[in-house]
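Both of the next two complexes hold subunit A, though its partner changes from subunit B to subunit C.
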Partner chain A sequence: MLAYHLRIAAKSLRRTPVLSALLVVGIALGIAVSTAFVAAYHTVAKDPIPSKSDKLFYVTLDSWNPERPWDDDHPKDPPNQLTYRDAVSLMASTIPTRHTAMFKTELTVFPTTREERPFRARTRVTFRDFFGLFDAPFQYGGEWGKDADAAPQAVVVLDHETNQKLFGGRNSVGKQVRIEDRNFTVTGVLAPWYPKPKYYDPHNDSFETPEEIYVPFRWTLPMKFVTSGNTSGWKSYGPDFEDKLESESVWVQFWAELDNARQRETYESWLAGYVGEQKKLGRFARPLNNRLWDVKAWLDWVQIVPRSTKTMLVISLLFLVVSSVNLIGILLGKFLARSPEVGVRRALGASRRHVFLQHLLECELVGLLGGAVGVLAALPLLHGIERLTRSPDDPQLLQLELPILAAGIVLALIAGLVAGIYPAWRICRIPPAAHLKAQ
Partner chain B sequence: MIRMKNVSKVYRTEHVETHALSSFTVDIAAGEFVAIMGPSGSGKTTFLNIAGLLDTFDQGTYLLDGQDVSRLSDRQMSKLRNEKLGFIFQSFNLIPDLDVFDNVDVPLRYRGMGARHRRELIEEALAVVGLTARLKHYPSQLSGGQQQRVAVARALVGRPRLILADEPTGNLDSAMANEILDLLERINGTGTTVVMVTHDPELATRAPRQIHVLDGRMLDLAAEVSAPLFRPGAHASEPVFGA
Partner chain C sequence: MELGPVFRALIHNRARFLLITLEVALTLAIVVNCINMVLDLRGKVLRPSGYDEANLLVVTLEPFAPAYNDTEYLHSARQRDLERLRAFPGVRAATAVSAVPLSGGGSASGRKVEGAKGDSVPAPYFEVSDQAIDTFGVKLVAGRNFEPGEHRDWFDADGEEHDRPAIVSQKFADKLFPNGDALGKRITNSKGLSSDIIVGIVETMFNSWPQADSISGHAMLLPGRPEDKRFILYMVRAEPGARAAVQKGIEDTLLKIDSGRIVRVRTLEEVKARTYGSELGLIKILSGVVILLVAVTAFGIVGLTSFSVNQRRRQIGTRRALGATRQDILRYFLLENWLVTGSGLALGLGLAWALNYTLVRMTTVVGASAAVPKLDWGLLAGGMVLLWVSGLLAALAPALRATRVAPVVATRTV
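Our next item is the complex of A and B:
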């Protein structure tokens, strides 16, 4: 019977092609706008690492000024990064499955050929666990050995593009790259990798691509690496580089992988013990405020989804509702014009349910067609949003992923339902005799 | 087949009340061929609509094939219409974008039959009305007479016990009208009850029993079969009783 209703619905749409096109366009407009904004929202709000987002924790400690909170608007919040000395100390724990302190810097890379000019590469200064923590995929080789985390070793991991630039995309493991004033040996090359958002360090541009090169954290002191991210401080310190490393300024991020609740509790106790020791040394004057943020909580805290994106999403969905509601009148008129046929069908045995279902399916067919057209139209719209909000040099961020396409079609079916449920209900409630009289 | 007792139907608008049927009582036995006559607005179509479960009534009782229909749900009434009733309308009421086969198929679709069984019944019904060669024709490709024959095929395809025909010849010339009447007589000859509303006194005389409806009430002319039903030259719908 469903197939029969669908066939009748399709015939009905073909009977009035202009009106049907109008209905489809009405739904398509709403779907195009809402799908584009749902896609934009999805890109910024989705779980960037669903396989382990509940096991990865961003670590914060409150070493801030006892006289004044880090954030006046949210006085209970700790600083969003760690001091260098705390980050290094936390690396002493053996409790997490993986953990890393890290920050972003910029280093000069000298290409192997004389024809190429040196360039500044966005660099992540980190520990080897970084790659396993965030599932960074390797195309060649792998992360550096444990020794390079213990003492400075001139090893480096390149991203796909940098390897392309320096070695033409060939396997460069074991090859030398000159960075600043010394040669580093390549231990691994990452496959193309673009987590959206860049959740492990969203402080400056949460949607930029990951860094181009990765060097061991232990080079921070010998090479005097300076963060190119945010630094917040409340206490002055001396002019030397070592003074900054010993200061109370926060500029290092810290992540730990904790696989279960017990591991987490143990780690929390360990952190409390560490802060307790530091208190005895005269630091951490504020109340104990250690936090472990899982990925979702972390992204919520740093407000990864801008308010404007949420607002646009709501407006686009309202636009779809208005588009659907506008179609109610057109559908009602279309259905009432077909009243005699409904009368005949009722006389021949169609129940109210049959009539309702037939007309609702016609609306859903309109919804489906409108959804298909709308989803296609969302592509250029999404491209337009990307061009308006990002620089032309940025890599493509917004994409219509399969779940969003499916969501667009589902939204279209809901829109068809919203538009059609009242006209279908009205037409099925009219007594058959009244339908026949209408001819 | 149809047993109505004191059935009343009032149409109400904000200011006007129209008594379409007033204490209408009629008894039509299974296998009868009855012509319903009456002037415009007399209530004959209302009677047909109520008899065909297309409209509700306000008072009285109506037994269709022995079943009290007053408390049936929409679903039950639809099932009854589908299984026991066949309708023929003055303006054929074929669905324009369905071909002949699909038009005749409509009642069977709502019965949930398998495709093969439906095809057999449809071909049989179209054979009865002589249109087997026009299966794939659309209503617009058929003459008025052919369209009404398709409508007759549609009415009888489900093998109903009762056929209700509302002015089935109203849009046809006399030759075509006689053809349709021949068909109805043949259908009645198989035991199917036929109730036909008509304005045409000549056609009405082909029904063994005529019922005249006036002001929503019934005048049964069964007893008057031997007497002339209408004055020669009188208007078709003009009653002659009391003359």
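Our next item is the complex of A and C:
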């Protein structure tokens, strides 16, 4: 019976090809627009590391100015980064499964060949736990040893692109790279890796690719690394580099991996103990306000989803509603124009149920076709959104993932169903006699 | 004659007409809100920043030669670069800066009136070498320019600066001194330790963050010798028409002077377009949505009117046979269309307001203005006219077809 209904539905669509094409194009437009913006929203709002987003915690302490909160509009919020001295002190804890203090900088890398010009590489200054914390995948080698976290050692991890640039993509573990004024030994090369958003440090550019090179945190003092992220301060300090490291300015990020509630509680009380000691030394004059932000809370706090993305999501869904309403109107017209034929079929014994189902099936067919065309059209549309909102040298950010693609089709089927119910109901209630009389 | 029969026919086919009414209403709501955002964004991107945007170039130098670690070498290298840049044909002026205006990255400190109670207000600043005012193209409206001797280091051993001259934007001056007596006054950081004296006021001068509404147009120029050795920044103002040639030429010139650095030359317009990337993109996307949406709705109206005409061919024929003119028939269908779009637009007014309210609520963050502005009546009226006309045009073709129905149709049975 279903096959028969389908055949009739297809026949009916073929009989008015222009109108059917309009129907399909109309719903496809709605699906394309909404799927593209749902995909864009999903890219920026999804959980970047679902396997452990509830175990990774961004650590903040309120070491800010006693006279004024960090953020006047949100007086309860602590500063969004740590001072260098606190970050280094927190590394002494043995409670977290993994933890790291870190910041971003830019260092000059000198290619081995003379023809290549030196270039500035985006650099993450961090501890070895970084790679395990955020599941950074290695193509060759691995993170540096524990001893490189204790005292400065000239070791470096390269990302995939930089290894392409410097070593043509070959296994470069053990090879030397000249960075600034000294040679570093490569201990590992990352496989291509692009978490979206860049949740571990979303400031300045939340959707850029991870850093190009990774060097041990202990080089900060000897090589006088300067953060290329944000620095906020409330208390002036002396002119030397050491003064900055000892200052109250915040510019270092800190993440800890805590696997269960007990570990978390132990760590929280350890942090409270640390701040208590610091209070005795005359620091941390503000009320105790240590926070552990899991990935979701952290991304909410930094308002990771651009406001324009939310706005466009709402507008694109309304667009789908308009194209569905449009679909209902045209279907209704199309079906009612067919009243005489339906009258005859009814008179010849077709039940209301059959007429209803057959017409609903026709709507679903339109929905399915529109959905297929729509999600296909969503791809270039998404590409267009990317082109229009990001600059050409930014990495490809937006992508249409399979679940979103499937959601697009389902959305089209729902639109077809919702749009079809009323017209199908109207047409199945055509009295058989009325149109026979006219004939 | 008209209204009664038209109205009764609408009631008879209420479902279809209600649908179109709803579609028109939703379309109005979305279109008006999209246009509202487009106008707001355009206004923001196009407002004058005070700089001679069309002729300015931004030079970024990233030195890697070790010599640059020596501050004295850094200063002499910069002096040499600036001299060569200023001598380059087509260059009007050049200056070294600590941050690039409109770039999205820069520095800010806090300043308040000397001795005033309470907190300081954010004070975005640029530390500049000589020729800054002429290079930027900002207009000095009060006070004086910096004097040559003032471009020196100002930080004392205590890490503070004392009575450093400052040229501020009019807006920033008015923020601190609402009575308009800013010139010659001393401003300090919140603790009162660092201080500047306002020696000049420029008309309009944006800071590095053009999107930050709360500090929009607040900027301060400080004389000095920018010390960052990671990034050496110059601004170069070309004579009108010479920008392209200068942009091409100075990269080579700077590399020839010293190849121990990475050189990049961009136009200020490129820098600004990058800062405004998402706004510019959003303008195009929203405009696209408006066009698509009006098209979809217009198709809906074409479809509806066509059916309406087809269904009533015999009725039209009868009317024609009984003496109705073609104009009467045309008037009938256009009136029907006007009634439907009209009620849709009325309903749309409410929906437009509701959608605007939702979007404003959704995008409002404490401490920042909403990303979506409130609707104004002029815009609503404009949107209604746009949809009214589109609806009319969409109905015109099928309605004209209706006028061509021959009276003889009335005599046929099927």
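Everything that follows uses one rule, which is that the second predicted complex is superposed on the first by the 408 of 439 C-alpha atoms of A that agree within 3 Å, B and C clash if a C-alpha of one lies under 4 Å from a C-alpha of the other, contacts with A are read in each partner's own complex, and residues count from 1 in each chain.
We take it that contacts are C-beta pairs under 8 Å (C-beta built on N, C-alpha and C of every residue); 3 or more make two chains touch, one makes a residue touch a chain.
Small disclaimer: the values here were computed from a predicted structure and weren't measured.
Of the two partner chains placed by superposition, only subunit C is touched by A:Y422; subunit B is not. Of the two partners subunit B and subunit C, more residues of subunit A are touched by C. Once the two complexes are overlaid on the shared chain, A:I385 sits against subunit C while remaining clear of subunit B. By the document's definition of touching, of the two partners only subunit B reaches A:K11; subunit C does not.
Of the two partner chains placed by the overlay, only subunit C lies in contact with A:Q303; subunit B stays clear of it. In the superposition on chain A, contact of A:Y237 is made with subunit C only, not with subunit B. Of the two partner chains placed by the overlay, neither subunit B nor subunit C lies in contact with A:L317.
Shared contact residues of subunit A, touching subunit B in one structure and subunit C in the other: 439.
Interface of subunit A with subunit B (complex): residues 1, 4, 11-12, 14-15, 340-341, 343-354, 431-433, 436, 439.
Remark: subunit A residues 19, 22, 26, 29-30, 33, 68, 71-74, 106, 108, 110, 117-120, 180-181, 204, 226, 228, 236-239, 303, 306-308, 310-312, 314-316, 318-319, 321-323, 325-326, 328-330, 332-334, 336-337, 385, 388-391, 422, 426, 438-439 touch subunit C in the complex.
Every residue of subunit C that touches subunit A in the complex is listed here, in rising order: 15-16, 19-20, 22-23, 26-27, 29-30, 33-34, 37, 62, 64, 66, 105, 119, 155, 157-160, 190, 193-194, 230, 262, 274, 277-278, 280-282, 284-286, 289, 292-293, 296-297, 299-300, 303-304, 306-307, 310-311, 355, 358-359, 362-363, 365-367, 371-372, 414.
On the subunit B side of its complex with subunit A, the touching residues are 49, 52, 54-56, 74-75, 78-79, 81-83, 85, 87, 89, 91, 93, 95-98, 106-107, 109-112, 154, 158.
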